[in-house]
Structure formats: structure tokens, C-alpha cells
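In the two complexes that follow, chain A is the common piece, with chain B as its partner first and chain C second.
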Partner chain A sequence: MLRNDATKLSLILLMTPFILWIVLLIILPQLGIGYLSLREKLGPNDYKFGFANYVDFLQEPIYWNTLLRTAWMSILVTILSLFVGFPIAYYIAKIARRRSRAALFLLCLIPLWVSDLVRAFGWIVLLRETGIISGALQSVGLIEGPVELLYNDVTVVIGLIYTVVLFMIVPLVSTLDGMDNSLLEAGYNLGGSRFTVFRMIVVPYAMPGIVAGCIITFMLTAGSYLTPILLGGKNSMWFTEQIYDQFITRYNWEAGSTFGVLLLVFTSFVVWLGLRLTGQNLASTVAKD
Partner chain B sequence: MNKMKLLATVSALVAITGTASQAETLRLLTWGGYAPDEVVRLFEEKYPDIDVEVTFSNNEEMIAKLRATRGAGFDLAQPSHDRIYAAQLEYGIYKPLDLSQIDTSVMQDGLLKSVKDNTTIDGEVYAVPHQWGTSGLMADITKAPDINSWDDLCDPEYKGRTSMRLRRTILLGMAFSMGKDPFAAYGDLAEYQKIMDEVTEKLIACKGNIKTYWSGGDDLSNLMLSGEVVASETWDSTAYKLYGEDANIVFVPPETGALAWIDTFAIPAKGEADDAAYKWINFVLQPEIVTMMSASTGALASVKGSIDLLPDDKKAAVKAAFDDAAIENLKFFVNIPAGIEDIEGKSLERIKAASQ
Partner chain C sequence: MNVAAPQSTVLRMTYNTYLLLFFVYLAAPLVAAGVFAFNDSTFSALPWKGFTLDWFFGSTDPKVGMFNDRRLLRGMTNSLYIGIIVSAMAVIVGTCNAFLFERKQFPFKNVLYILMIIPLVIPGVILGISILVFASMIANGAETSLNLDLAFLRPGMFLVILGQFSFLTTITSLVIAARLRKFDISLEEAALNLGASRGRVLATVTLPFLAPALFSAFVVGFLISFENFNTTLMLVGSDAPLTITMYDRMVKVGSTPVLNAVSVFLMVGSGLLAVLSVLAQRNRTGE
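The block that comes next holds the complex of A and B.
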């Protein structure tokens, strides 16, 4: 009896910080944002409830175009991150020797020790018209005049991949690590080519890691702010920038909240769609033990 | 023994909290460069019981921060003079100033009157001037000698070599260069919308000419100093700083007049250290502090004879940029009525989203 109480107490004590965190920092602010987004502004200090902010969003092509553009570029970044991250993860988990594994993992982590802002400035120094790459290409004689590599969508995609690829690698390594090498050997023994073994054994086994990595990178990319702003050019629009503009430069908290809610709903929808299309679900991937 | 220890700890704690409540904190919400370390140090030396905490920001963020807390969290803010009236009416984030606490006699009469006129609500004054400056053009005269109007930034001769900040300043500037007077249309939203539509069209057509939109002073400085951009819309203070590094880079007041802003002192509605705030205001208006402040901000103080109080390099830069006619021609920003920023915001979005 006494022991039971003690277990209960320790459970409560252990859960308290987590529950406080979720309720105070996630759920309450979301409710506040949802409440604000339903408030229509009629004049100074004069509000009524309604869906006008959402209607405004649908009627203004600039807004939903930006949202679609953000989603499409985020999906692109996610797919490219998978292509970049998979070989690295496979090498670390399966090919590298046990001893060098930790060192390789550390190498992947190092960029994360520097803040986002500094990394973005690093790209700027490299890619700008008077930057290092342009200068090097000129001195080698590959190009005539200076070339501008900054301020376009390709740069934004590269910068974003660089920022998020680690979050693809980590779950992949941990799933691939658990794969028994005898599975691969059996595949080869049964006459499978490298490609068949990869397609029929490695990918299905790594699927939980792939899905988890894709969800994390997609969410991080769609919600990122600094990289698209700093590397993007005069035509680049990112949805988080719209949210910032509504809140800060236009004092329009109602529209900003609406955009926030829409971003959350839309990205959740994309994740759900992705799970459906690949025939996975959250329980079998992210929450798999 | 243990009891003694406890007693000692408690009394030490009491002593700490005791002194902490005596020292006052002045929480300053201001622009980058408006509270140089040297000035803060001198102030704290003169008033040892006041600690100064500085937060750097800009107009929009200042209002957003104060709005979020209904005017709490800071004891002195420095928004521009056109950002006080509407924000106060709508959000009530400032409190009226006690002018008897401020030595207004050192301020230039014109600037003081202009700020008072713009920030008086129900007979109460909400702000006094601190620094003022202008927005205009900046050009490298060896590469772009003919820049003298806002729309020269769209001149195909400088294709891919010009820049601007995609904010309301360029909308207003471009409107003036098209022969309109946007300030006169502030009262008539339909008319203002018409002007902004034309300006938007012009700026979208101009987009191909622009290398990129700059977002902050450092960004712009890099673009100009590296030579990637030869002409840009700018704050005069940024141009003066660059003039110190490269005398070919000068500030050019546009022929339709540079747009002038005044950064003010305003006390947030729930400020907790009004006395310290008034002390700071009077302190930074002293001549020797003005020189240090201008060296850091690059802008002119609103005190009498402020040009003579500039550090020498800035004095040369101002003299190279402005003659008396250009100063006569200044266009001061006027209070922004409700609805204007919505129209401008939409225009800016359309420009940013258009592809060229």
C-alpha cells in the first residue's frame, strides 16, 4: 500500500515538468493563437468573432501561394536530405568500423554547435558576388567576371539541407544500427543483386527511421525563418516571414495568428498525407520501440 | 554552530535583497547605437544607484513589444515621432510626459514643436525629440555619378547594381519622385490607395533592376563597400559611416527632398522608473554626451548647434551631403493615421511576391 503510494508520487513528480511544459508552453499558446485568429477587427479596440481572417487568406493569392511554395520547397528539401543523409547514415551504421563510428557521428554534429545565424552568414561569405567561391572560380579562369550565387531559391534549398540533414541522419543511423548483417548475407546468398537487397531488405527495415527523419526535417524546414530570409533573394517568400510581417510590421495579430494556425494545420496535413501514401502510420514508425 | 551559520546566511540574504531593492534599474528600449557603452558607463558613474539595461530594437518591434505587455517591461522607449499618436490611441502603451522634468530649453525649437504637435493627445505631450536624420540615397560617385532621384534606382544603366529596403520609406520616396504627395493623401484612404497602386506597379517593374533588398545597416554596408551595389536607398547615418571608410560613397538627398525622421523619448505606460528615465533624457542632451552619441548613431542630436557637436568625420560627411537648399527641402514624416499601414503592407507584399 505504502509502496504503491510512493510509486504514484514519483510518477507524478517525474511527469510534472513534462506536463507543465506541454500545457504552459505548447497548449495554452496554441489556444491563444486560435482564439486570436477568430477575432475580426472592425476598428480600434472593436472586435467581433468570425472567420473573416481565414476568408481573407483564401481570397489573397499571395498568401496561399506563399504557403504552397513553402510546402513544396520543404518537401524538396526533405527528399534531398534523405538522398544526402541515407548513404552517410548507412556508412556510419554498417560500413565504418566500431571505433571510427563515434568520431564520424561527432563530425556530423559539429555544425550544430554553431548557431543558425552564424552558419547562414558562412554561406553568405562563400557565395556572394565578391565571395570566396566566385573569387576562386575567377582565379582558376573558369569564369570571366564575378558571378552571383546568393539570393536565389537554389541557395535557399542548399542552406536548408545543410541545416536539417543531421535530423535525417540520426534516426536513420539508429534504425540501421539495429539491422542484423545476416539479413543482408541471406539476401545475397539467395541470389539477390545489390539493388534488390537494398530495395527488398534495407529500405523496408529502415522505413521507421526514414519516416521519422522525413517528418522531423519537413517540420523544421517549413517552420524555419533565418535561412530563407538571409539566403533568399528579392523574389523569395517564406510563410514564416509572412507571419512575422503580420505580427510585427503590420500590427495585425489577428492575421498573424490565422497564418500560424494554417501553417500548423497544413504541415500536419502534409505529414498525414505522406504517411498514407507510403502506407505507414505513426505507431509503426516514430513510436516504434 | 549550525544555528550561527543559518543566521549568517539569512542576514547575508537580507543584505543582498536589501541593496537590490535600493538600486533602481532603467530599462531602455532603443535603437542600435543609441546607448553606447561609454555613455552608459558615465551615466552609471553619475547616478551610482541606477543600473541601465539596454534592449536594441526598431520601430515596429518596439511597438509590438510594448503592445504585448500593454506598456510594461521597459522604462524608456525611443520610437520615431510618427509612430506614437496612432499606437497610443489604439493600444495605450505610453504615458504622458512631465515636461517640467525635462530641460527642453536645449532642444531645437523647430524639432521640439514638430514632435509636440505630432504627439499631443488631449492636451498631454507624449514625446520629446532625441536624434533626427533622414532617409535618402547613397551612391558611389565614381560608378554612379548621376543618382539624384528615387527613381534613378530603376535606371537600366545600373541594372543589378542598386538596392533598397522593402519598407514604407521607399513607397513614399517613389511616390514623391512620381510627382505625388503621399502625405497630403493621408486623410483620404481611397486616394492613398490609388497612389500606392501606381507606386507598386512602378516598383514591380523596377524589380529586375534591383540586386537584392537590404534588411539592415550592416547588410547594406557590405553591399556598398564590396562594390556589389553602386546606389541604394539608405539612412543618412549609414551613408555617413561609409563615407568615413570610402570618401567616394556619399549621401545624396533626392531632388524631391530627403525624408526626415525624429527619434523621440517616450515613457511606456507601465514604466517603473520615471525619475531615472528623466535623468537619462537630460543626461544624454548634454553637449559632451551628444558628441559621443552622434559618433555612435551617425545621426544628429535634436539640440541647438548639433552640427557643431558632431565628431569631425561625421561633420565632413554631413557637409558633403547637405547644402542649405537640401535642408530646406526636407520632408518630415507625418503621423500615420489608421488604415495607411494596411494599404502599404499589401503593396509591399505584392512587390515582394511579384517575380521579375
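The block that comes next holds the complex of A and C.
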């Protein structure tokens, strides 16, 4: 009996910080922006409830265009990251020898330890009009005057891939690592070409890693702020920038919350769709450390 | 022969070239950000005008080094302060969560586990605004109905700490839980059989086993907190941490090599901490 009480007490003691954290810092704040997004400001301290903020969003093409643009650029970045990262992950997991494997993996992780801000700043130093690449191209004689390589979509995509590709590589390496080479041998012995073996054996095997990588990459890209703003400049049209703008610059918290809810709903929907289509679940993909 | 590797020479060379290009791509912006911290020029651009450490230690205008720049120094202190508090809190709550999910059985465990992971998949900007909104609601409520001024719920260091804590706890929980899962419960049972009290077993058997994980969770937490931007941006008040100070400088003043110096400082600092946490992990496998 006493033992039972002690177990119950320790459960309560362990549960308390968890509940406080999740309820006070995650659930209630999310409900808070949901609530604010349904509130329309008519005047000082005069509010009406309804979907007016969402209607405003739909009626202003620049808002939903920004969301769509963020969405498709994020999807593009995700796909490109998969293509860029897959060969690297495959090399680390399957081709590199034991010792160089750890070293290569660490090399891949280095940018992860450096702040987003420093990475974006590095790209600026490289790509701006007075930057290294422009200077190098001039001294080689390929171009006449200085060239501005910042503030266009290609640069934003390159910068975004840079920030997220590691989150694609890590889960890919951990899944590919478990693949037995005899699977490949069997494929070749049965007469499969390299491409067939890749398509029929490697890709299906790596699927959990691909899904996990894509989800993390997509969420990070859609929620990113610094890279699109700094590399894309004034015309980057990124949705998180709209949120910041509404909150801090215009002090229109109702509209800002609406945008926040929309971004959250939208990204969750894409993730849900991805999990659904591939038959994975959130806990096993994201928390697989 | 490694069947996984490309067999023809051409293919292998293409593959290796691709790898090389990829690592050049990874290194390029970091090198670019770092190198100009040592250039004796007022612009972080070519041409190279000679080596200097003025951007770190210089004290005369126009070359005021980062260690003599009062705003940058204040940002650094704020970051340090926030980082230590946030990671200490996240490690404590993370340890509780690890014990909760690894040791206890309770209803709705799976749902609660998913709730624990969710902060990782909410974009940082949204975590920031939601905590801002919620804190302001409470503060406004207290002001109108109780006439209380809860200044700490307005943008500032306290909210930054809460904002970073809200998602760091997930990370620390996962790190610590992974270690706790490997713990052989019979060790605890042996100690209990030998007459040790529960508290003593925790202090002398379980926690020492968890120590490397607690340490790396703290280091990782500190690094992420120090470098966090998105969540912090929404919650920051007058006492801005280093990343925000640096961003303001970049956007408003334009970049001088002092920003390169800050970048070098951040890279070296996080590199050292990362090595520390890797070493802690290595001890773990060495047991």
C-alpha cells in the first residue's frame, strides 16, 4: 500500500514539470494565437469575433501569394536537398571506409554548429556586388564590372539548401547504414542493372530516412527567416517575414496571429500528407535521434 | 570488392568530384565569413590588405574590435546568461521527462509522447509569437482586472528564456531518455537489495550513469540557445542577445569586419563546445 502511494507520488512529481511545460508554453500559447486570429479589431478595445482576418487574407493577393510562394519554394528546396544530400549520405554510409566515414560525417555536421546568421553572413560576403565571387570573376576576366549575385531566387534556394541539407543527410545515413550489401549483390546476381538495383532496392530501403529527412527539411525551410530575408533582400516575399511585419512593424497582432495559424496549419498539413502517403508516423521519424 | 561503390573509373571520379564540390560548398561561406576578420581593411571584401587582429582587440575608431564594442559585449553577456539558465532548466525538466517516459506507465502515454515531440516541428517564429501573445494576454489581464504590472511578461529576457526553453526541452528530453533506455535496471535493484534508499540509489547509481548525457544535453542546449534567432527575434526586449545585436548591425549599419570577427568567435566557440560534447559521448562508449 505504502509502495503504491510512493509510486503514485513519484508519477505526479515527474508529471508536473512536463504538464506545466506543455500546457503553459505550447498548448495555451497556440490556442492564444488561434483566439487572436478570430478576433477582429473594430476600434480601441472594441472587438468582434469571426473569420474576418481570414477573409482579409484571402482578399489580399499579396498575402496568399506569399504563402504559396513560400510553400512551393520550400517543396523545391526539400526535393533539391534530397538530390544533393542522397549521394553524400550514400557515400558516407556505404562506400567510405570505417575511419573516413566518421570524419566525413563530422565534416557534414560542422555547419550545423554554426549560427544561421553566420552562414547567411558568409554567403553575403561571398556573393554581394563587392564580394569574393564577383571580384574573382572580374580578375579572371569573365565579366566586365561588378555583378550582384544576391537578391534573387536562385541564391535564396542555394542558401536554403545549405542550411537544411544536413538534416536530410543525417537520417539518410542512419537508415542506409543498416542496409546489408548482400541485398545489392542479390540484385545484381538476379541480373538487375545499377539503376534497377538502385530503384528497386536502395530507394525502398532508405524510404523511412527519406521521409524523415524531407519532413524536417520542409518544416525548417518553411519556418526559416534569416536566409530568405538576408539573401533575398526586400523582395524575398517569405511568409515568416509577413508574420514579423504584422507583429512588430505594424503592430497588427490579429493579422499576425492569423498568418501564424495559417503557416502552422499549412505545414502540419503537408507533413501529415507526407506521413500518410508513405505510411510512417511522427514519433518514429522525428524522434529517432 | 565493395558492391555498393561505383565500378567504372569514370563514374568513380565523377562521384569523388561531386563529394569534393559538396564539401567546398559547405565550407565556402564559413571560410568567407572567417577570413575577413583578419583583413586590415574597413570593408569585409577583397583586396587583402594584410593580417590584423584589430577587429578583435582594436580600440580606436574606425577599427573598434569586438572585445571593445560595448553593445556586442553586452549582447554576448546576455547570450551567455540566457544560454546557461535555459539549458539548466531544459536539462532538469528533460531529466524528469526522461524518467517519466522511460520508467512510468500511465494512461495516454503515446499521445503525451507525441505532445512532447511537437515543439520540435513548430516553426520557431510561431513558437515566438504564440508565447508573446499568451504572455501579453496574461499581462493585460492582470493590468486591467488586478491593476498589477507584470513587466516580466513583456518582451525581454524572461520571455526569451521561456521561448527557447519551450523547444530545447524536447531535445534534452530525447538525449537523456536515449541514455536512460540503455541503463540496466538490475543495477538499481542490486543497490536497493543492499539496503540503499531510493534517493541514495538515484544519487549514487542512476545519475552518475546519466552524467555524460546530462552534460551533452546541457552543451547542445547552450549552443542552440546561443545561436537561436527565430524564436528570440519575436520575444526580444531591450536586453538583446548577441545574434540579435549582430543582425541589427548587419541590417542597419551594413557589415564591417567586426561582424566577421564575431562570426569567428561564434565558430570557434561552438566548435570547442561541440568537441567537448563529442568527448563526453566518447567516454560514454568507452565504459
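Note that in this section the second predicted complex is superposed on the first by the 248 of 289 C-alpha atoms of A that agree within 3 Å, B and C clash if a C-alpha of one lies under 4 Å from a C-alpha of the other, contacts with A are read in each partner's own complex, and residues count from 1 in each chain.
By our rule, a residue touches a chain if its C-beta (ideal position, glycine included) is under 8 Å from a C-beta of that chain, and two chains touch if they have at least 3 such contacts.
Keep in mind that what you see is a predicted model, and the values were worked out from it rather than measured.
When chain B and chain C are set side by side, the one touching more residues of chain A is C.
Look at A:279: by the touch rule set out above, it reaches neither chain B nor chain C.
When the shared chain is aligned, chain C comes close enough to touch A:132, but chain B does not.
Once chain A of one complex is fitted onto chain A of the other, the partner contacts of A:14 are limited to chain C, with no touch recorded for chain B.
Within the superposed three-chain model, A:247 lies in touch with chain B and with chain C [touch as defined at top]. In the superposition on chain A, contact of A:191 is made with neither chain B nor chain C.
In the superposed model, A:145 lies in contact with neither chain B nor chain C.
Put simply, chain A uses residues 130, 247-248 to touch chain B in one complex and chain C in the other. Chain A contributes residues 43-45, 62, 65-66, 128-130, 148, 150-151, 229, 233-235, 237, 242, 245, 247-252 to its touches with chain B in the complex. Residues 2-6, 15, 18-19, 22-23, 25-34, 36, 43-46, 92-93, 96-97, 99-100, 104, 106, 110, 112-127, 129-134, 137, 162, 165-166, 169, 174-175, 178, 198, 223, 226-227, 229-230, 233-234, 243, 246-247, 250, 255, 259-260, 263, 266-267, 270-271, 273-274 of chain C touch chain A in their complex. For chain A in complex with chain C, the residues that touch the partner chain are 6, 10-11, 13-15, 17-18, 21-22, 25-30, 32-33, 36, 84, 87-88, 90-91, 94-95, 107-111, 113-126, 130-132, 135, 162, 181, 184-185, 188, 194, 215, 219, 222-226, 230, 240, 243-244, 247-248, 253, 256-257, 260, 263-264, 267-268, 271, 282-283, 286-287, 289. Interface residues of chain B, counted against chain A in their complex, comprise 60-61, 63-64, 67, 89-90, 167, 207, 210-213, 215, 226-228, 338, 341-342, 345, 348-350, 352-356.
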